[in-house]
Each structure stands twice: as C-alpha cells, then as structure tokens.
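Two complexes follow with chain A in common, the first pairing it with chain B and the second with chain C.
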Partner chain A sequence: MKPLHYSPTLLLAFSLVYFGNAAADPLRGSGDLALVVERATGTVQIVETSANSSLCRVGGLGDLSHASAVFSRDQRYAFVFGRDGGLSKVDMLTCRLVARTLQAGNSIGGAISQDGRLVAVSNYVPGGVKVFDAATLRQVADIPATWGHQKTSKVIGLVDAPGQRFVFSLWNAGEIWVADMHNPARPTITKFSDVGRNPYDALITPDGRYYLAGLFGEDGMALLDLWNLDAGVKRILPGYGKGAKKLPVYKMPHLEGWAIAGRQAFVPAVGHHEVLVIDTDTWELAGRIPVHGQPVFVMARPDGRQVWVNFAVPDNDTVQVIDTQSLRIVQSLTPGKGVLHMEFEPRGEEVWISVRDRDQLQVYDTATFAKRSTLPARKPSGIFTTARAQRIGL
Partner chain B sequence: MSRWILASLLSLLCFTGATAQSLSATRRAQLHDLLVQDCGSCHGLTMRGGLGPALLPATLRDRSRELLIDTILNGRPDTAMPPWAPLLSRDEAAWMIDELRHGLTPR
Partner chain C sequence: MKPLHYSPTLLLAFSLVYFGNAAADPLRGSGDLALVVERATGTVQIVETSANSSLCRVGGLGDLSHASAVFSRDQRYAFVFGRDGGLSKVDMLTCRLVARTLQAGNSIGGAISQDGRLVAVSNYVPGGVKVFDAATLRQVADIPATWGHQKTSKVIGLVDAPGQRFVFSLWNAGEIWVADMHNPARPTITKFSDVGRNPYDALITPDGRYYLAGLFGEDGMALLDLWNLDAGVKRILPGYGKGAKKLPVYKMPHLEGWAIAGRQAFVPAVGHHEVLVIDTDTWELAGRIPVHGQPVFVMARPDGRQVWVNFAVPDNDTVQVIDTQSLRIVQSLTPGKGVLHMEFEPRGEEVWISVRDRDQLQVYDTATFAKRSTLPARKPSGIFTTARAQRIGL
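So, the complex of A and B:
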C-alpha cells in the first residue's frame, strides 16, 4: 500500500537517499537496523537484520578507532562516539549525518540518558565527561575528572543508569563517579575512591542495579550497588589469577553488555586465557573456563543459553561458544583474522561478526553455527543493533 | 646524560640500515597493519593517543631509539603496554619505531 499523501517528487527524494535499497517502500520501521563502524575510513554502514542486507553508508565521522554508538528511543538516530572526540548524530532512515561536534581531543564512548534527552561522552583528553542535548548536540554540562593535586583522569566505562544517572570510572584515579542529571546544567556527583587500580571498562546489570568495573592494575573487580550507594564499592574476585603467571594483554578486554545467564555472569579474565563465571547472588567466583586466548568480548545470546567470546591478537581469528549450562566450549569458529566485535540479533537466532582483515561482516546461525550471510564492509569494527535503544546501560 | 648519548650512538651503530633490507615487503606490510590496527587500538588509528600516549614523530623525536625498541619488546611495567617480544623480532620492532618516527603513511 502506497502512502497517498506523498507527492511523486517526495517519493523520488526518498528513494534517492535510500540508495542500496531502491525497491523498498519509503516507509519502514527501524527496529531491525544496525550500525556498523568502518573504523579506518570514518564511515558507518547501515544494515538491516531481517534479510541481512546493506542499506547505505554515511561518511565524515572522523577517526572511528574504538568507536561505539547508542540510539535514540525512537530507534531512528544513532549517536556515534569517535576516538578523535567527535560526537556524530546519524539519521539511519534518511542515511544522513545530521549533527556533529568535536567535543574533546580524545574520547572513548558514551551513553544516552534514561529519558533519552541527554547524551554523555567519556573523554581521555581532557579527562572527564561532557553532556549534550540529544536533539541539538549543544553542550549542557562539563564534568572534569579531577583528582589528587589538580590532576585529571581518563574516563572509561560510562553507562546510563535508572534515576536519570550516568555512572563512570576514572582509569588513573581508581574512582567510580555517579552523576545525577535531573538538573542537567548542575549534575550532582557522588564519588567513590580507592575502588582498585586502573578500572579499564565497566558494565551495568540489565535491571540497572549493579555497576561492575573491571580492573587492569590488579586481579579483581569493583562492584557498586546503585540501590544502596551508602554501602559503597565492594571489591570482588580478589586475586582471581593467583598462582598463575599473568600473560601479556595485546588488546584491552571489554565489559560492554552483560553476559548473564540465570544467576551466572561471564566476564573476561585479564592476563589469563579464561572466562570467569561469577555467581550474581554472592558475587563470588563460581568457575573459570579455559579458552583459546585473551578474551576481549564475552557476550551472552539474548536468551542466556550461549556465551560467545572473541580474542586479542594473535588469536583474533577465532570465536568460541560456551554453553552456559555445562560451562563447556561447544563450538570454535574461525571467521578470519581481525574478529573485532559480535552483535546478536534482538532475539538471538543470528549473530553478526565483524572480520576486519577480510573486510567482511559474517552472520552465523547460533543454533547450527552455519554461516548465513557475508556482507562487504571496510575494516569493520563495532556492530550495534537499534534494539539497544530499549535496554538499560547500552 | 652521557649514557643516553652512548646508548643512542650504540643503537645507531647497531641498527642503521640493518632493518629495512632484512624484512620482506610482505612482512613490512603486515607490520604496517599491526601498527595501524593493533597499536592503534590503544594509541589511536592516527597515533594521536588513546589509553596509550601519542606516537607522533614530534613526540618520539627526542626519545632514544633503543629505549623505544625496548618498550615495544618488553612493554612497560605498571601500564597497559604489553611485551611484544613473543610476537616480534628486534629488527621488526626497530622497523616499526622508524616508521613511527618518520610518520605513518596510510596505505
């Protein structure tokens, strides 16, 4: 059925911006879209996960090494955080860069607020968090990560939390800060110090209650219960690598997303070729699973039945699948050198994998492990589905 | 101070001209990719820095070449810089330092 109120000229204009999808009805939803970072060329590719096809490409986003994205609640706009401090707003339906600001010298990701009105970016240089109006990308707040004697810290592990809050960690300072954004121009900050050496990334449970920061400078993790801030930060998994020689870490692990299945959480060990299993009732180590290399991403399929793991150099050609009932590896795949990221489709029947050195996106059936689709992409890294728009902390 | 000069002189003697020839074109291309993609994950694809410091010609110019090579091979204790000796030879690390000091050319 054609929408009668659209003039032929408007239809033509629509189909022009929809290159790559010329036959499509100009009206479409955006719940099956995903954004793929093509990090070397400063472009993002918009793909759809219903038939697994490429829709279009948007350029001019700057240095996209370590770029990530969050989505507006209506799943139309992507906010892309670039390494060079660029914050870009992409309209995924018209395939246009609609706003962009170079807000810092060096950045590492961001988050969108509970109400969808604020976008926060965590910065290395100058160390801190800046907050922007999601509609206009006008800056509304600046939170320098100052500590000690006039020092500033690199900021990592920035997530949104219920109660219109942002939570983040300070790499150099070893602190966790909670910023209440009810009054955007004057955030209320609660600081927790001595959380451990060099927090490198963090995540928040799907219910938004627990914030967990991984520590690079020591074995262990820092846990903050956002329902009970007065209880402070608790150190968990102390000395998980005790007795074992620490191996070189050629790529920093990521804690994005929450690999959780029942009462078990799965996280990468740092400097050990293991995935750690945490009991989320007691927050104690419940198991350790030997894997192929230094894990980078440890991601649970949305139903929690499987956990997929990729690895740092020199083992980054491999992906392993852990069965969460038996805690055994049930599959090893070799998509090719430079597996940088994995993203499940919203209900988990397929997973998208970026294979940098092959300039490919590969899509696998998560039940049979058969490769279902291969799409060209230029040095792809992060893959982000719009389903993230509705999830706390993503 | 004199130790630095001595180290620099020694490194000049040991490495000048020795590395470029001993590495195949294929290996040099691989190392270039490693610099951009893997070193780039921490130091930035354009080497302007990230979790690790910037590796631009201007920031490396006044550093001892020998110490820079040593940093690649043995890492830096108490930082995120890992030892690359299990994956790279001394000649390869030296070639990479020279590339960085010269300024990476995109390919």
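So, the complex of A and C:
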C-alpha cells in the first residue's frame, strides 16, 4: 500500500487548526495568567501579567453578571460561575471551553476544594449547594439547604476551608453550615443556627481559620472560628451593617472585598464614605478612615502595606490608596467611569483595574502609581489571577 | 522544484526527538509542579503534586550540596543555585537545561526579584552578590561586599523583598544591606553596620516586612523593619544562638526553617531538643516545646495550624508535628534515615518529605498523617514547589 505523504506546510496548517483559538504557543507556564470577565458578551479574556498582554478570548459562557472564577490546582483550567446557573470550565492554555453545565436556575458563586478535586456552586434558585467533579463536571453531591418545615434557603458566602471543607450561609434560614467533603457522595455537615437574620455575604480569613458573615437583617456580623467549632457562632461588630446606614446604600459591599493586612482588617463601611479598621484579635472597631465615596472593594496589596479602594456610583471613576501604617490616603487615581474590580499581581508589584465604561483594563505600578499598561476589554468586570489556585478561600 | 515530502510517522518521530527528554505531554499547567534536588548526581527531578508522580529528570547541574531553587513568575522555569557557584535555568515543561553559568567559586543561595526579571546570587567566594537577567542569565550587576579597608565579605541570607529589593547580610563585616534594584545597572544600596558578629543566615517574614539575621558570633538576632529603615537594626532574643548552646550543635538550623504561624514564630533552638515559640509583636520568647532531637527545619502548614519539625543526626529519621493551638506534639513519624527537607503543597493538604538514605520522596496527608505516596529519588535533599514563585521571600 502506498504511504500517504503530507507536505510540512500542510501539517503546519493542521497544527494551526488544532490550536486555532489559542495563543500563538500554548506551551507556556500558567503561573502568570489571569482571567477577565466580559459581562456583556458572555466572554472571558485570558491575559498574562508578565508582559501585560492579551492571549485570547473564550465565548459561550452565558450570563456573566457578577460572575466569578476559581482555578484548578495546576492553574491550567478556570471554573467560571455565571449568574444564570452555568458552570463553565475553560482551558486557559488552549483557549477552549472544555465543559459546561447549567446546574441551577440562578447561582452566585462557587469554590474549589482544598485538594482541587471538587467544585461547589451555591444557588439562589432553587437554593442549596451542588458539588461537581473538577475533571468532568459530573455532579457528585447535592446539598439541599432545607430548614424548618420543608423550607429551602438561598445559599450565599460559599468558600473553601482547610480540611477539605466548604463553608456557606443560608440567607432565609439564618444558618451557617460546614460541609466536610472527604467522602464527596456523603458530606458530613455541621450546622449552626440562629447566627443572625439574612446573612448576605461572607469571607474567610487568608489562613482559613475565621468565617465571617455579614447580616442584612440586623446589625453586626456572625463569626465562626473553624479551629473551635464547639464554641459556636459569635456576634461581633455591633453597629456594622444595614442598621448603621445613614446614606442610601448604592451597592452592598462584597465581603470578598475585605482586606486582612497583618492584624488589621480594612472593611467598607455600609452606606458611609468610610473604610473601617478592625482589630482581628478582638474583632472590635479600631478606627475610621474617611474616603472619597461609598467603598465597594477594599483590597490589600499582598505585602499588606497598601489597601486599594473603589467606590459605588456616583464615585465609581475613582480609586484611592491607603497606607496601612499611617492610615492615611497616599494616592487618588481616576481610571474612568465604572471601576468594577481590582486584582493585584501575586507579589504585589502591579495592580489590574477593570474600567467598564472605557472598555479597558488598566495596570498600575503600586510603588510609583504610574499607569504601566492599558488593554482593551469588553465591559470588563471581575479580574482573577491564577495565583488564587494556591490560596485558601479564593 | 520538487517539494520535499515527509511521512507523518517521520514527523512524529521528529516531534518526539524535539521533546525527547520531556514528559509525555509538555502542554500542562505549571501550578502543581515541584523540583527535587538530587544532590549526589547533580540532577533535579521534576514532579507534580496533583497525582503525586514523577515527570522527568534534568542533569548537568554540577555540585548540588545545599542547593536551592527559585521560580520564574510564570512558573515554567526553575533557577537552581549550586554550591559550586553554578546558576542553572531549567525549563520544567520541556525538561531541559536551557542556560547555565558558573558565576562564582562558591555560592550558597539566591533570590528572584519581585517583578521576576532579576535573579541574584550570594557568594562565599569571592563574596558579594551578582545579579542576572532572568531571561538570558546575562550578568547585569555586580555588588562587591566591600567593607573596612578594602576587605571583602562572604554574603549570606539573601532574600527578595517588596519594592524590587534584595536584602542580604555580610558575614565578615557584620552588616545588613538593602539593595533597591529598580535600575539594575545601578543598585541603590542602604547599609546597616554593627548589626552583630558573623550573621550566618537570615529570613524575611511572609509579608516581606521583617528581616532577621542569626548571629554566629554572639547571642541574639538582628532585626530590620523594612517599613521603617530609619529605625535601624535592633537586637532581639538575647540568649538565642550560639552562645546559648548546651549540647554539641550537630547542624546549625537554617533560618529558612522558621515557621511564622499567625502571630507566633516557631524556631529551632540551637543545640537543644526544643522548638521555641516567639511572639512576633514583641519578638520575645513566649514558650518552649520539648521535641525528639535537635530541630533543623520547623515548617508551618500554610493554614498555620500545624508545624512540622525534622532533626539533626542522630535523630534524622524522625518527623514530629506540633499543633499550634495547644502547643502539643500530635504526631511522630519515622520516614527513615536522612530526612533532609519538607515542603507543603500550596494549600497544605499534603506534605512532601525527602528521605535521603532510602532514596525516597514520601508524601503524607496532613489531616490523617497517612502516607499517600512513595516515589523513588536519588539521594534527595531540597524540595521546592512552584507556588514559591508567587510568595514574597521564597
């Protein structure tokens, strides 16, 4: 039989088709990648933070309002949680959507387990948490958020914690649940009830020890020490939250936007033009810093020396920088209308800012505050670096 | 002209030659890679920590006694510092030695700059620090460690710090230098003299704020607050160090082996069968924990709940685990003779241990202490995960 022969040119063409949607050379490290949510078009843009360039765009991810992402432990894959209940798995090296499931009617976030094998999604409709195999997106567990007499609850504030656990809060029930996922098919769940009315968002400290839920229905916050579950949930920060508002609240601040820097937490005041300083030893208020508007995200540079703040409308064209040693504002920037998110490079030398109304990503040097790069993006919102794969609770 | 034709089989063969030394598929994420130093053979083994398997081996790296490694910010390349003054750049995806320079006669460690563009090496012989372009290994700066009347010093304890800085200590001079590398060809150097006699090793806290040098020639340690250089170097921990020894010291503990967990530092006592607990607010001794032998490395699990300790001869077959809340030993393991290093996976679910005399890497579950994997390795010493690329000071 006569052998087939192909010209090198033809084989090169095949290769280009194979990697058609990908960056020029998919063989690259994945430690300096980031994913940018383009909410209006249902796309994500993959960028790299070494030379600050765009690599490619992946589409077909559905409704990406308030979308967020987590990463596989090898930092090759992103799991994107869409508002429409869609869970999408993106290969960032070949720039392809490799799996997608419409797992619920309305979801608001997710997490990846400590060992990287499980992806969990928290749902508004029908409520509860669903857990998927990270390799295949096959569902491995369904945790209905049932309470009282056959009632179900919206779930919010889902995070991963050490010990292969997921922690989340039940809006309607006023409960916090800790799910041990060592046996994925049979999660072991510890429930804390009466934590406060309508927890609306939550965070876990960078060491994975403390879980804090904000309360929409009353003052204060709920604090759970995961090292001492027997001590139960405590109420802290009386006066913080909805009850304390004096101005109309244009946007409830996300607790993800709390900055833990050394022993201090920097927290957006709800409905005030202030960033609050909290002592994480006592969880008591230690100071107030007047800022330009109602803060939304309050993000610590990885070394904890700076905290960057963005604001709700009508002040969402501005970013301010607080020095955490002097507690003074050391810089104000005006990237443009619609500053929606900020993400530091892993060792903090630069910060990426999404400026929705300018269709731009802007990158600033955090030492000099000089603008280093500007990249086009379609109505960008969330920016997520792959370094999150190697952090607890992100 | 007649076109050349190649059979697909032949082209496949070309491809295999091209990636000859590589793992089966070099297209993979680099976030779960680790490099293991095989000291006796001048080789490094590349492993991955998701399925705990070996990917390949790279040779020709020279004398790797006490070798250490840092990583490029994309986590594709490792820079290996050999005892013979060799600086080697390894492509971990294709498994190739891509550059190597014999930069000095005798070196003991190095660091990579915050922005990932510069690799610095500290030298015993002829002393001083040399700085290289991370892309090419071309030398870009030479910082001779001169002091007094035309004297030169051995340099130790070289680390990276925020603000594109390197910090290091001069053994002979008793000085600490801070080099701002924003202009690589003309480093701006701030010198602190009379810090104490013969600094022998140093560390920087995980936030990059405090630099501590151990003193061989006298008691105590030298502390520099990089946020407040004007305050100068302070002496802390009187009684710590050489002067306090009661037993023969079988191995000076590396300060890299200090564990900072929350507000506590866990520190090997020099010449005692104890781990010391230090309050990092006051830098005063807060406790002593009796352990099995003379501790060498005292490493914190990333969530800070556990501290793992290995020991000098004759107790180097054992590892102990301290619970940082109760300050009690909760586990003792016996991996075998010659436990030289330990490295946690980035989110702490497993720990890798090099067991030289068994030619093994052993991987343990940190929750159950069960042994999960055993891999062959040739006289392994240091283990370094690529997550270090995204941490300050590692």
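In this section, the second predicted complex is superposed on the first by the 360 of 394 C-alpha atoms of A that agree within 3 Å, B and C clash if a C-alpha of one lies under 4 Å from a C-alpha of the other, contacts with A are read in each partner's own complex, and residues count from 1 in each chain.
Note that in this section a contact is a pair of C-beta atoms (placed from the backbone, for glycine too) under 8 Å apart; a residue touches a chain by one contact, two chains touch by 3 or more.
Only a predicted model underlies this, so the values are computations on that prediction, with no experimental measurement involved.
Peer 1: Touching A:L93, do we find chain B (first), chain C (second), both, or neither?
Peer 2: second
Peer 1: Please work out whether A:N106 is in contact with chain B alone, chain C alone, both, or neither, and reply first, second, both or neither.
Peer 2: first
Peer 1: After the superposition on A, what does A:G336 contact: first (chain B), second (chain C), both or neither?
Peer 2: It touches nothing on chain B or chain C.
Peer 1: If you count the residues of chain A that each partner touches, which comes out higher, chain B or chain C?
Peer 2: Touched residues of chain A are more numerous for C.
Peer 1: With the two complexes superposed on chain A, say which partner A:P184 touches: chain B (first), chain C (second), both, or neither.
Peer 2: Neither partner.
Peer 1: Which partner chains sit in contact with A:P162 here, chain B, chain C, both or neither? Use first/second/both/neither.
Peer 2: second
Peer 1: Just checking: does A:R347 make contact with chain B only, chain C only, both, or neither of them? Give me first, second, both or neither.
Peer 2: After superposing on A, A:R347 lies in contact with chain C but is clear of chain B.
Peer 1: By the touch definition at the top of the document, which applies to A:G232: first (chain B), second (chain C), both, or neither?
Peer 2: A:G232 contacts neither chain B nor chain C.
Peer 1: Which residues of chain C touch chain A in their complex?
Peer 2: Residues in contact with chain A: 3-8, 11, 26-32, 48-50, 71-77, 93-94, 114-116, 162-164, 207-209, 227, 262-263, 302-305, 325, 346-349, 367, 386-387, 389-392.
Peer 1: In the complex, go through chain A and note every residue touching chain B.
Peer 2: Touching chain B: residues 39-40, 63-66, 83-84, 105-106, 108, 124-125, 154, 171, 198, 200, 216-217, 248-252, 313-314, 338, 356-357, 379 of chain A.
Peer 1: Quick check: in the complex, which residue numbers of chain B touch chain A?
Peer 2: By the definition above, chain B touches chain A via 33-34, 36-38, 40-42, 44-46, 48-51, 75, 78, 80, 82-84, 86-87.
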